[in-house]
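Chain lettering (A, B, C, D, E and F) follows the sequence in which the chains are written, and residue indices restart at 1 in each chain.
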Amino acid sequence: MSTRKPSANLEKNSRVKAVFDDIRRVRKSAFINNMWHYIAFDEDLLERTWADVKRVMSEPSEIEPMTKELIYLAVSIANSCTYCVHSHTAAARSKGMSDKQYAELIKIVSLAARTNHIANGLQIPVDDVFDADKN
Amino acid sequence: MSTRKPSANLEKNSRVKAVFDDIRRVRKSAFINNMWHYIAFDEDLLERTWADVKRVMSEPSEIEPMTKELIYLAVSIANSCTYCVHSHTAAARSKGMSDKQYAELIKIVSLAARTNHIANGLQIPVDDVFDADKN
Amino acid sequence: MSTRKPSANLEKNSRVKAVFDDIRRVRKSAFINNMWHYIAFDEDLLERTWADVKRVMSEPSEIEPMTKELIYLAVSIANSCTYCVHSHTAAARSKGMSDKQYAELIKIVSLAARTNHIANGLQIPVDDVFDADKN
Amino acid sequence: MSTRKPSANLEKNSRVKAVFDDIRRVRKSAFINNMWHYIAFDEDLLERTWADVKRVMSEPSEIEPMTKELIYLAVSIANSCTYCVHSHTAAARSKGMSDKQYAELIKIVSLAARTNHIANGLQIPVDDVFDADKN
Amino acid sequence: MSTRKPSANLEKNSRVKAVFDDIRRVRKSAFINNMWHYIAFDEDLLERTWADVKRVMSEPSEIEPMTKELIYLAVSIANSCTYCVHSHTAAARSKGMSDKQYAELIKIVSLAARTNHIANGLQIPVDDVFDADKN
Amino acid sequence: MSTRKPSANLEKNSRVKAVFDDIRRVRKSAFINNMWHYIAFDEDLLERTWADVKRVMSEPSEIEPMTKELIYLAVSIANSCTYCVHSHTAAARSKGMSDKQYAELIKIVSLAARTNHIANGLQIPVDDVFDADKN
């Protein structure tokens, strides 16, 4: 299904190995999911993507880890990214998402989609009170 | 900018008035934002949209009120809904979103968009471990 | 709001004039909406876009003219095209869309968006019976 | 391919059974497609989704049943929902869509996508005559 | 996975055969990819789609052939079109795209997605200097 | 139109000033477009976004500067990002895009959108020859 198959023995490349080792360390797991294998053909793409994911998703922040995953998952659903929906559903679960919370997430995402299409359909004008440039 | 201007004196219609009153009651505010004015030309559309928003966003749940708004906002950004981005940014703030959390939300949403496009670009196959039908 | 302003006196160009005249003839109206003015800087873009719109939307077909506009409008809402939402709402009305039908269209489009996000969120597998390649 | 496998014997749950029975009654068919199996893990999600689909798609209305399915299908194509494209192509056929009408639908949807991208690319301003707030 | 299986012996139809022969001639290859087989059930859809692809992608132009494919691929990624991502990645390679250029394309596309979501999230107003209607 | 107005005197903040100075240096222009003003409320968001844009768009690469802008613009059109369409149309022009090339870009982008919707509509299966995992 992919457009470019990963090489065998990716970790013979020291830059790739360094990133994979850091992923294992940060995630406390030996498992490296496909995303990282498939982008490893370009070390720069691998290093920078991981640096960004690590910083935004793993560093101390004022949004809870599970909440971050719910937001990530919501965007991935709206953008129709099959791979990301799967990997971030798994991530949200690993950070504590219950079945009940999962059902709620699906309800919020699908409600948002519903009102997004209503507002775009009617081209509802933004209330002045919401427009920062007018306040 | 809209495709259909709301009538004046919408609340002369008793079904519209009942919904507007309920919005005011639930939100503890006299303000009714444009969304509800613009969909009030069809009472059924108004009643059912509000019933759904009220249920999903205001009833007791296992996701925090502010988190719900962050998820809603994330979907609205991904779906390019100008109206919804404005109204749910305001809603998230009213439920406590700080500037720092807002900046984080933008970082998570834009990171998700970035990896969504990477995964869709390379058509990365879903890891077997993520696929519920294989487990 | 545009990225390229139309020249004045576009109809001095005979290829542009020919298209504009044909639009007026087919639509039985002197009015030429902005779309055609803004793409007229490239005659080929103008001619081919109009040829396609004319053929698909105006030639005899097995789908009713108003239904065609409803489909066109539905896609334009889902693709967040402000200009197209406005122009095709107007077109649907000129072909007979009532306020009640308009409200129904909005309900169908927003329901579809809702279930689209549910199905993409859960990555629901396609039933074998729907898959033409298996039948 | 899914993120959550349905339990076996879903209909042992009386709320699930009630919805499934209603689907069979309304659709006059014993077949329950995957959508309903996969969302049945949360009875509320199941009940409310079905209530909305039933009301919008099956109740008396001023848009023809097949036309409703064409609109639903158009949105599902634009939103890249594989599951929904399949299920609503099947539904449109069951309501009478011929191969010729199907080809026309594809032409209208793809023409709309084409002009959506032209208008968004050039950021064509909305004609005053289309803007309800100016009239 | 498709919604309509192609007939066997499509080329017995002379209109289909004429298009397939032209595809082979223009592309200098005997291979006809699935796209053309699956749309051949409607000769008009086949002929017009090919005419448009041939004209835009194969005729002399002021944008390089490989660049055209990169643009096509970028849109297909953003629109989540699995089939098109695959076929246009192959096309870009056949026109010379190296692995390094492919990695760069993925970086540009995903960076654009990132800033698209930032700008849509903050609803950043367009600078006057960019707006052609103000200049 | 924005959700958060930039402070006055942003450059009193030394981290903001450093980024703005670098933008001016790299772009050889005193002009700082709105994007950077509006994201400057969070220094980290500003610094990292600029670092990424600078690296991908300005560093030596195997894709031409104007081509990069065409790809960026194509994605921005498909993602319906008004701000980005405007700013990257301007950027493409500043790197040499002629009116004729602009018209071609619009034709390629809109053709891609057209075939994206055809392929998604028919759910055309990927040819084995395109699937790297099968080769």
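In this text, a residue touches a chain if its C-beta (ideal position, glycine included) is under 8 Å from a C-beta of that chain, and two chains touch if they have at least 3 such contacts.
Because the structure is a prediction, the values reported are computed rather than measured.
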{"item": "If a chain touches subunit A and subunit F alike, it appears here", "value": "B, C, D, E"}
{"item": "Rotation angle (°) superposing Cα atoms of subunit B on subunit C, nearest 5", "value": "120"}
{"item": "Separation of subunit B from subunit D, taking each centre as the mean of its C-alpha atoms, in whole Å", "value": "20"}
{"item": "Centroid spacing, where centroids are CA-atom means, of subunit B and subunit F in whole angstrom", "value": "27"}
{"item": "Whole-Å gap between the CA centroids of subunit A and subunit C", "value": "33"}
{"item": "Subunit D, residues touching no fewer than two other chains", "value": "1-4, 39, 45, 48, 52, 75, 77-82, 85-86, 89, 100, 105-107, 109, 111-118, 120-123, 125-126, 130-131, 133"}
{"item": "Residues of subunit E touching subunit A in the complex", "value": "80, 85-86, 89, 99-100, 102-103, 106-107, 117, 125"}
{"item": "Complex contact set, residues of subunit B against subunit C", "value": "3-4, 39, 41-42, 44-45, 75, 79-81, 133"}
{"item": "List of subunit F residues in touch with subunit E within their complex", "value": "1-4, 31, 33-35, 38-39, 45, 49, 52-53, 56-57, 61-64, 67-68, 70-72, 74-84, 86-90, 98, 100-101, 104-105, 107-109, 111-127, 129-131"}
{"item": "For the subunit F and subunit A complex, residues of the former touching the latter", "value": "1-5, 48, 52, 55, 126, 130-133, 135"}
{"item": "Subunit C - residues contacting subunit A, complex", "value": "73, 77-78, 80, 82, 85-86, 105-106, 109-118, 120-123"}
